[in-house]
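Shared between the two complexes below is chain A, which pairs with chain B and chain C, respectively.
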Partner chain A sequence: MSLIQMIKFMSSGLVITAELVPLCVLTTLVAGLILGILMYKKIPGLNIILFAYKTFMRGIPAIVILRLLYYNINLSSAFFTAFLGLSLYHAAYVGDIVRGCFEAIPKGQMMAGESLGVGYWTIMRKVYIPQIIKPMVPMLCGQYVLLVKDTTIVYVVGVMDIMWMGRQLMALTFNPIAGYLLIGIFYYVLCALIELIGRRVEKKNDHKGPTRSLSSYY
Partner chain B sequence: MSQIQFLDWLPTLLEGLKVTLLSSLIAIVTSVLVGSLVAILVAYNNKFLSAVMRVYISIFRNTPLLVILFFLFYGLPMIKIVLPALVCGVVAITLNESAFVAEIIRGSIKNVPPGEVEAAVSLGLSKTQVVNRLIFPLAFRNSIPILTGQSSVIIKDTSLFSLIMVMDLMRAGSAFYEKYLNSVSIWVIAFIYIAIFLLITQIGRILEKKAMVRR
Partner chain C sequence: MEEQKVLVEFQDACKTFNNGKIVVLDHFNFSFFQGETHVICGRSGAGKSTLIRCINRLEHIDSGRILFEGNEVTKHNIKRVRQRIAMVFQSFNLFPNMTALENVTFGPIHSLHKSKKEAEETGKQFLEKVGLGDRMSAKPNMLSGGQQQRVAIARALNMFPDMILFDEPTSALDPEMVGEVIDIMEELANEKRSMIVVTHEMGFAREAAHRISFLEGGRFIETNTPDEFFNHPKDESVAKFIKQIQTF
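Showing the complex of A and B:
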């Protein structure tokens, strides 16, 4: 099988992976933002639930949550199971990132806003969220690289993604090296792209200027 | 889960726990060693070496562990290298996570105060001495809290061993499900993973405090 044929064979899996990633990214972004704000607010009662959720998700590997959903909840679509599992899993991480960014903002800004008679959510929307976007983007990019890499395991719940196709291809051609090399390149390009965005934003945020390298002394 | 079923499963669970803990311990040690080596080589500012190491970091950071794992597990036998599944797994994790460790330490190296480096240089220390005696120890100590976090990621990574037929914690859980069609076992292993995670976090806190005291 030539390389072109291999790519054609795997294209259906590639499409599924390409659908899963943006969907999960969007959902985790929205859910993470809400979770982060709720964790930041420290509402009694809810705080304990959120902490338990966060600890649970951070403690287990992604494959465990996928298997839990797969065995416990009888969802009709494998794709939806994978989507739900990955979103639940990574929303906890994104929520933690958002909470961390919120906590980095001085509390005085909230007090200043409140003393001016501005409502809580307006302060959030107009003061806090614009400030957290810049430092958040590099961290989110790091998290989304992990999310993209976690999409490789969704085949355990029966999603016919690119890894599944890779296995089929291996059974067909008995050439795992070429197949997995192709998949590896696909993921590398995707992740490197996300990483690049993160790096760019990080560089823009960095006001320290260039540091001297060791070779400048010798 | 009845008692008989549980007692029947217990040896498998303990075996899986042993495999997960042992393999992650080995993987943590090898990843930190290789990652430190890579970070030191980057720190030397040798143009060629630095470029090679950057490529290494970039490739293994941005390739999913599972792809590396399958590549080694299914691909290497094609060129007549047959490794046991567990060795394959540890090698794959080492390749993948050492890139992360190297990046963490490289970040700490960037944050070493330039004044200290200048002081060392002005005292007449050679480049090797500056890197090995000052920059690396300082950077390593500063990155200990993040490294403990990364170790818990490595432990979670070992759950992928279940996909290459290693009887680890994850596979032990699935084995019970496959036998009795009862998913309680997955909950049990989930809580074992969480217990390990909490333990590592606690160790990380203690280490962080110690590093703070020494500073």
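Showing the complex of A and C:
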């Protein structure tokens, strides 16, 4: 089988992985932001639930979450099971990143905003969120690279992703080196793309937030 | 005092920390008047900052009432009260992602719902008033401590408040920068603005205050004019405190 034929054979799996990744990234970003804000607010009662969710998700491997969803909840499709499992799993990490970034902002800024009679969510939107983007981007990039790599396990719930197709290819050609190399190159490109987007976002937000100390201006 | 209109009134207010172990306000009753500069002093940990934070509900009292212009300050009307009582903090608390002008216009735009143009117009005037007309587009980390505190004062002024609370505004400043902030505060005092100032700057208290109070054990153990307070203190603790600060 030629290289072109191999790529053609794996293309359907490639498309599925390429669909799964941005869906999970977007969902975890939105869910993580909401979770982060709720964890930062420390709402009595809810805080305990969020803490339990976070420690549960962070304490067990993603493959176990996928298997638990697959065997216990009768979801409509394998793709949706994978999407939900990975999103639930990584949203816990993203939420904690967001919470950590919020915690790093001095509480006095919230107090100053409130003392002006400005509402909580306006202060969040105009003061807090612009400040957390810059420090958050490198951490999110790291997390999303891990998410991309975690998509290699979605075949355990029956998703015919690139890994699944790669394994089929290896079974057909008895050539594991070519199969794994193709998978590796695909993931490398995907991860490099995330790093690139991260760097762009970071650069774009360079002017927001305190970036240099006073001494650097003299 | 020419006018004796009560602006803020504490009625039997109590505030404790650590399950009642630390008493900050002990059935506290007091009235702050319109147009007066009222300096609050006392030992560290006496609860001076907590007292003024209770006025705009950044801290909540355990019992009793606080009235602003005769109306009780509650969680329902706190936004309106905060729109009329501005605060200047010890550590400036400027928003680092915004320029000096954006900091000054943040409150008027998002709290008073003024137009950006209107807020900027008055904001520029106040920044010029505090001597920062040329640093409007500078972010806080490009300003010195004294300049940051002056931006914080301009931010408070741009709310056109009925009262300004100053929470140790010079404590975090280098000695050479204290003067520039004190000068502005003295100017505001001369304009007969209603101000409650928690400070250790006894020079300012002596020069600009209409009344000085000494907080101890959850109450003002002495309230007097600057002259009486410094030269003829009635309370022994106050006399001791004045003696101590004069030694330094």
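The rule we apply is simple: the second predicted complex is superposed on the first by the 195 of 218 C-alpha atoms of A that agree within 3 Å, B and C clash if a C-alpha of one lies under 4 Å from a C-alpha of the other, contacts with A are read in each partner's own complex, and residues count from 1 in each chain.
FYI, contacts are C-beta pairs under 8 Å (C-beta built on N, C-alpha and C of every residue); 3 or more make two chains touch, one makes a residue touch a chain.
This one's a predicted model, so the numbers in the text were calculated from it and none came from an experiment.
Applying the stated contact rule after C-alpha superposition, one finds that A:72 touches chain B and leaves chain C untouched.
Contact with chain B, but none with chain C, is seen for A:145 once the two complexes are overlaid on the shared chain.
Contact with chain C, but none with chain B, is seen for A:114 once the two complexes are overlaid on the shared chain.
Within the superposed three-chain model, A:192 lies in touch with chain B and out of touch with chain C [touch as defined at top].
In the superposition on chain A, contact of A:166 is made with chain B only, not with chain C.
Once chain A of one complex is fitted onto chain A of the other, the partner contacts of A:3 are absent, as it touches neither chain B nor chain C.
Greater residue coverage of chain A by touch, when chain B is weighed against chain C, goes to B.
Touch criterion met: A:126 reaches chain C, while chain B stays clear of it.
Looking at the shared chain after the overlay, A:106 reaches chain C, while chain B stays out of its contact range. Overlap of the chain B and chain C interfaces on chain A: residues 211-214, 217. By the touch criterion given at the top, residues 43-45, 58-59, 61-68, 70-71, 74-75, 78-79, 110, 114, 117-118, 121, 127, 130-131, 135, 156-157, 159-160, 162-163, 170, 173-174, 177, 183, 186-187, 189-190, 193-198 of chain B touch chain A in their complex. Interface residues of chain C facing chain A in the complex, by the touch rule stated above, are 56, 58, 79-83, 86-87, 89, 91, 93-98, 106-107, 110-112, 139-144, 152, 155, 159. Residues 55-56, 58-64, 67-68, 71-72, 145, 148-150, 152-153, 156, 163, 166, 170, 175-177, 180-181, 183-184, 187-188, 191-192, 195, 211-215, 217-218 of chain A touch chain B in their complex. Within the complex formed with chain C, the chain A residues making contact are 106, 108-109, 111-119, 122, 126-127, 130-131, 208-214, 217.
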